[in-house]
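What follows is a set of structures to go through.
Below are two complexes that have chain A in common, paired first with chain B and then with chain C.
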Partner chain A sequence: MVGFNDAVMKEVQGLFKRYPKKQHALLPILHLVMRENQGCVPEGWEDYVAELCETSLNHIRGVITFYDMIRKEPTGKFHIRVCTCVPCGMCGGDQIKNHIIKKLAIHPGHTTPDGLFSLEEVQCLAACDKAPLIQVNGNNPEKVTEESIDIWIQEMRQKG
Partner chain B sequence: MLQETPILTKNIRSPGYDGSLEAYQKAGGHKALEKALKSMTPETVIEAVKESGLRGRGGAGFPTGMKWGFMPKNTGRPSYLVCNADEAEPGTFKDHFLINRDPHLFLEGLIIGSYAIGCHHAYVYIRGRSQAPAARLQTAIDNLYKAKLLGKAILGTGFDLDITIHRGAGAYICGEETALLESLEGKRGQPRVKPPFPATHGFNACPTSVNNVESLANVPIILNMGPDAFKKLGSTNNSGTRLVGISGHIKNPGIYEVEMGANLKSIIYDLGGGMRDGKQIKVVIPGGTSSNPLKPEEIDIAYDFDAVAKAGSMLGTCSLIVLDEDTDIVDLAYRTIVFFNHESCGQCTPCREGTFWLKNLVRDFHDNLGDQGKIDRIRRVAATMFGTSLCALGDAAAGPMKAFVEKYPEEFRKHFI
Partner chain C sequence: MPTFYLDDEPIEFEEGETIIKAALRHGKDVPRYCYHPALTVVAQCRMCLVDVTDMGNGRPAPKLFTSCSTPAMPGMKVSLQTDKVKEGQNIISELTLVNHPLDCPICDQSGECDLQDYAFQYGTGHSEMTHEKRTYGWRDVGTYIMLERNRCIHCSRCERYSKEVEGAHDFGVFLRSHETTFDTFEDHRITHKFQGNLVDLCPVGAITEREFRFKKRAWKLTRTPSVCASCATGCNITVDHESNRVERLKPRENQAVNRWWMCDDGRIGYRQLNDREHRALEPQARVKGELIPANWETIQLAVITRLEEISARGDQVVGLADTTATNEELFLFKKMLVDCFGAKTYSPAHPQQAAPTGHFLNDLISPDKTPNSAGAKALGLGMDLKNDGVRKALEKSPKVVFVLGNPWSENSQLLALAAKADFVCHIATFSSPWVQITDVVLPGATFAEKAGTYTNKHGRVQRIFPAVNPPEDCRDQTRILLDLMRGLGISTEFNTPVQVLNGLGSQEAAFKGLTWDTVGTSGQPLAGIKA
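Now for the complex of A and B:
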């Protein structure tokens, strides 16, 4: 169903109070849409958000396509971001990426058929001293090795 | 042997410090805020920051006190202070270090800065993917409200202030201050044409100052030790300390605080511990990927704005990416240009097309399809990009590519067809 429930609507009203205009709250509201919809902005929500923020549908579409984080497809239960930017890339980021690709049999931009994992290749995550690293969902990025990834994937599969 | 100078990191470096409000106050926090609000006028605060010689830590090194001094007074419109916590320059992680480990230090600076420029609603713009740091910051802000250090009549004075965290959504360009303001207004993060500058037409077309996290963290320190003592730290025109982030093939990657003007080579060897496995350095990126590479024979210099500029690069965000002898310079150049091409906002033809062409040209070397003609073309495309686009991203993409082919031609030759 398109539209926020009452509890989230309260958060939205709180957000509107913190900006001079409703449109200013667009990014925080899109983050709420994604939080409530498995990490994406599904069909139909663009119109709803446009009305909520008193702006045009075209404006919303322009914004949504500009920002990398705003997705049209849901993420898996565990959304893995693998950094291959400069410091991580020079410290084995590609090997980590390729290892995850092989292990999960999906490429960046895709989700495993069981809906458990999705993979995204990203630019610097501001934690380069931990290179090479991955970030899972909204957690802090963590230094990884091929072995630590194997163990983690196994554990998550068991937990389901 | 170079040692750290823990000023900004004084709390963080003391054992058991957890960054909570209680811990911050126990360590003497909020003294500067009290001093500013109770015994200084906004003008004298700005004067002290000017006196200290503090230059912005976000990359450009513009004097913070001067920036605040430009804010027009009595315009009848609200003024805004916006803290730039986007931190997306590859290699840079110092602001997140402060946010995660001692959030109250820069928040104190943010409150003092707001008082100085007459702002009653400040924003912290933090990168979208940093959910955990943003949540931690929200807790810190909530605690400040509870302690009546935010909200109405702070410390019983007539000063009111709200702080709102605004999360970005994954776009490096939103670190550029006018793109950041667009993004804060719920728009695509595309830099504005300047002038008008944010000081007169910033957030919601009102007077606005955008300041980096580390810049603000210095403000309470300046008020506590006094501008003169602060000026004694560092080198001429480069007062204070810097949080240097070291990454790459270094033995001990991490954040180190040094006085500005410390010797670059000593930072790498004494603090970073030198290279892993006893290898030699091949290249040092001294200020994030926007800065030109330095060769090992060029790093025996003072690490401050002026000396690094004189060496043909820039201090930028003080992010040292140090890479060893096994590094493939073409691979490094390719990753760098992939980043800039991905992050170009697409408004200016030279930047949008130039980053795309440069990426394709460098990729040819990456695929061992290079030749002399392509080296010349990299230089020509880069030359066209300099100074022809709206914001600094265009130049930041072109500069390192030109420098890579000029400084390491033999590395590119290895990838000839």
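Now for the complex of A and C:
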């Protein structure tokens, strides 16, 4: 069902109090939507949020498409973020990314057909001393190699 | 008033006014894409850069400022000519063109495109762009407009217009950076009546008019100022025409009437101006029940002879005038009926808008679809919503009925009453049920083919000018009426609509003080009506 339950609604009311206009609470509200919907803004929720924030549907869609971290599609069970910016890039971040692409046969922004893995290319995970990095489901970023990724993917596939 | 200096030229400004606003008011050209006086300032295109060599406190600005978002200060020295500002304009021009397809040869906007003009004027003529340009496809976004996003330069005027002026939020900004696109939501199709304004606002050819697509090059069109005749609001327009054919109607700025806007109903009014199928194209006279074409001299002589034969006076003659006629025509028509026959003229009254809705654009569309009801009222023609006056006049079985335009053409009862008259003389522009019963058809001109004035619903008198020539055998109604009057033995000093209007000023109380020159390009309210 599209719509927040009473507990979340209470949070929303708290957010509205923080800003002069309801529209200004849009980003925190979108985060709530993602929290309640496995990390994405599913079909129908845009209209709901537009009504809630008293703004136009175009504005909601504009904000959602502007931010990479607000997703329309649900992520896989394991959402992999690969950093490819300068420090990771220098330590082989791009090779890691390409290796994962080859291994999972998906491109960044996509999910494997079994719904297990999704891949995202990101800019800096703030642990450059351990580069190259990946982050899974918002856990601490970890230093990886092509071999460690192979093993990890194998394990996760078996676990399902 | 405080003053700042633009390239050493003093420019007066009001407190809080931005540099660009004051400069444009003084007739300076500041290159700009996103700035529009009707919309909020976003300082997005960066084209209106100025070099502030003195901020008013003796110190120069550290960098270039966008003149659209910088308030003018007393004593400020601003330049559009320094090397610094020229370099800025060069770079911005190059960046604006990074993704532009440069398809000017097939673009409808070509010739009236801000990007074309400013790139030529301020650009360097070369690009360092080696990447492929991002492309999108055509989008059918509205009933009146088409969207070609490749040409978009992201000025966001369309988005702000739909948010701030129209209020329908049709356009949105999606994605980010070089992928940014201005578009409607998914397959949302715009259906409201103010889409044409988006075409005018778009500084490039991203939003184009469906009806005008691939039809004419903008630079070939001649633009004649006029007033829209599609309703009683009287939006100021230009009639854009070429080779005696009207190609489109565009709004002309008049802050007292339509500001910068007009509705799509008004825009498609150009179709009727080119319509030959429903036009009265030649003078016709009824002989043995059939209308047959005749030449002007014969028909005028016949009309006058017939009128003398009947020699009707007073109540035996009735004049019916449509409110699509200009003030001058209505005045002459009324004058002819009074001076020649001592008869009265009636005009249909149209429902007027009850109260403004507060939405500026919606208020532009008047329920009264004729341009000059207020003029007919000011000239004292008998008007009543229920048509009692005219029915009573026609029930007295008049011998002669004069018809100007197509008044009451939907009212079969009145037409049947008028058909009983011995002689019905019809000055027509378009054919109507009147043609079935008239004895004489005298073909007139449309509003794009004659000079004159209309009085809009707020009592503002505004000029129209002849843009195209009427069809071969059609004549300006003023001339038809003057010829008839002279034939009937009334001498008149008038020859042209301009003289008639100047005469109106001294003969009609409501038009007191109005002359062709004082009405000017933006109109003048009737006597006793506040501007």
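The rule we apply is simple: the second predicted complex is superposed on the first by the 155 of 160 C-alpha atoms of A that agree within 3 Å, B and C clash if a C-alpha of one lies under 4 Å from a C-alpha of the other, contacts with A are read in each partner's own complex, and residues count from 1 in each chain.
The rule is simple: contacts are C-beta pairs under 8 Å (C-beta built on N, C-alpha and C of every residue); 3 or more make two chains touch, one makes a residue touch a chain.
Given the structure is predicted, the values throughout are model-derived calculations rather than measurements.
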Between chain B (first) and chain C (second), which does A:I149 come into contact with in this model arrangement: first, second, both, or neither?
neither
Look at A:F66 in the shared chain and tell me whether it touches chain B only, chain C only, both, or neither; answer first, second, both or neither.
both
Return first, second, both or neither, reflecting whether A:L119 touches chain B, chain C, both chains, or no partner chain.
neither
Quick check on the superposed pair: does A:K21 touch chain B, chain C, both, or neither? Answer first, second, both or neither.
first
Looking at the overlay, what does A:L57 touch: chain B (first), chain C (second), both, or neither?
second
Is it chain B or chain C that touches the larger share of residues in chain A?
B
Just checking: does A:L30 make contact with chain B only, chain C only, both, or neither of them? Give me first, second, both or neither.
first
Which of chain B and chain C A:I96 touches, first, second, both or neither:
neither
If you stack the two complexes on chain A, which partner ends up touching A:I80: first (chain B), second (chain C), both, or neither?
neither
Looking at chain A, which of its residues have contacts with both chain B and chain C?
59, 62, 66
What does chain C use to touch chain A in their complex?
159, 163, 169-176, 184-185
How about chain A: which of its residues touch chain B in the complex?
18-21, 23-28, 30-31, 53, 55, 59, 62-63, 66-70, 81, 84-87, 89-91, 122-131, 135, 137-140
Chain B residues within the chain A interface of the complex
78, 87-93, 95-96, 100, 121, 127-133, 135, 162, 164, 166-172, 183-190, 204, 245-249, 253-255, 285, 289, 319, 321, 323, 327, 331-332, 335-336, 339, 342-343, 345
Given the complex with chain C, which residues does chain A contribute to the contact?
56-59, 61-62, 65-66
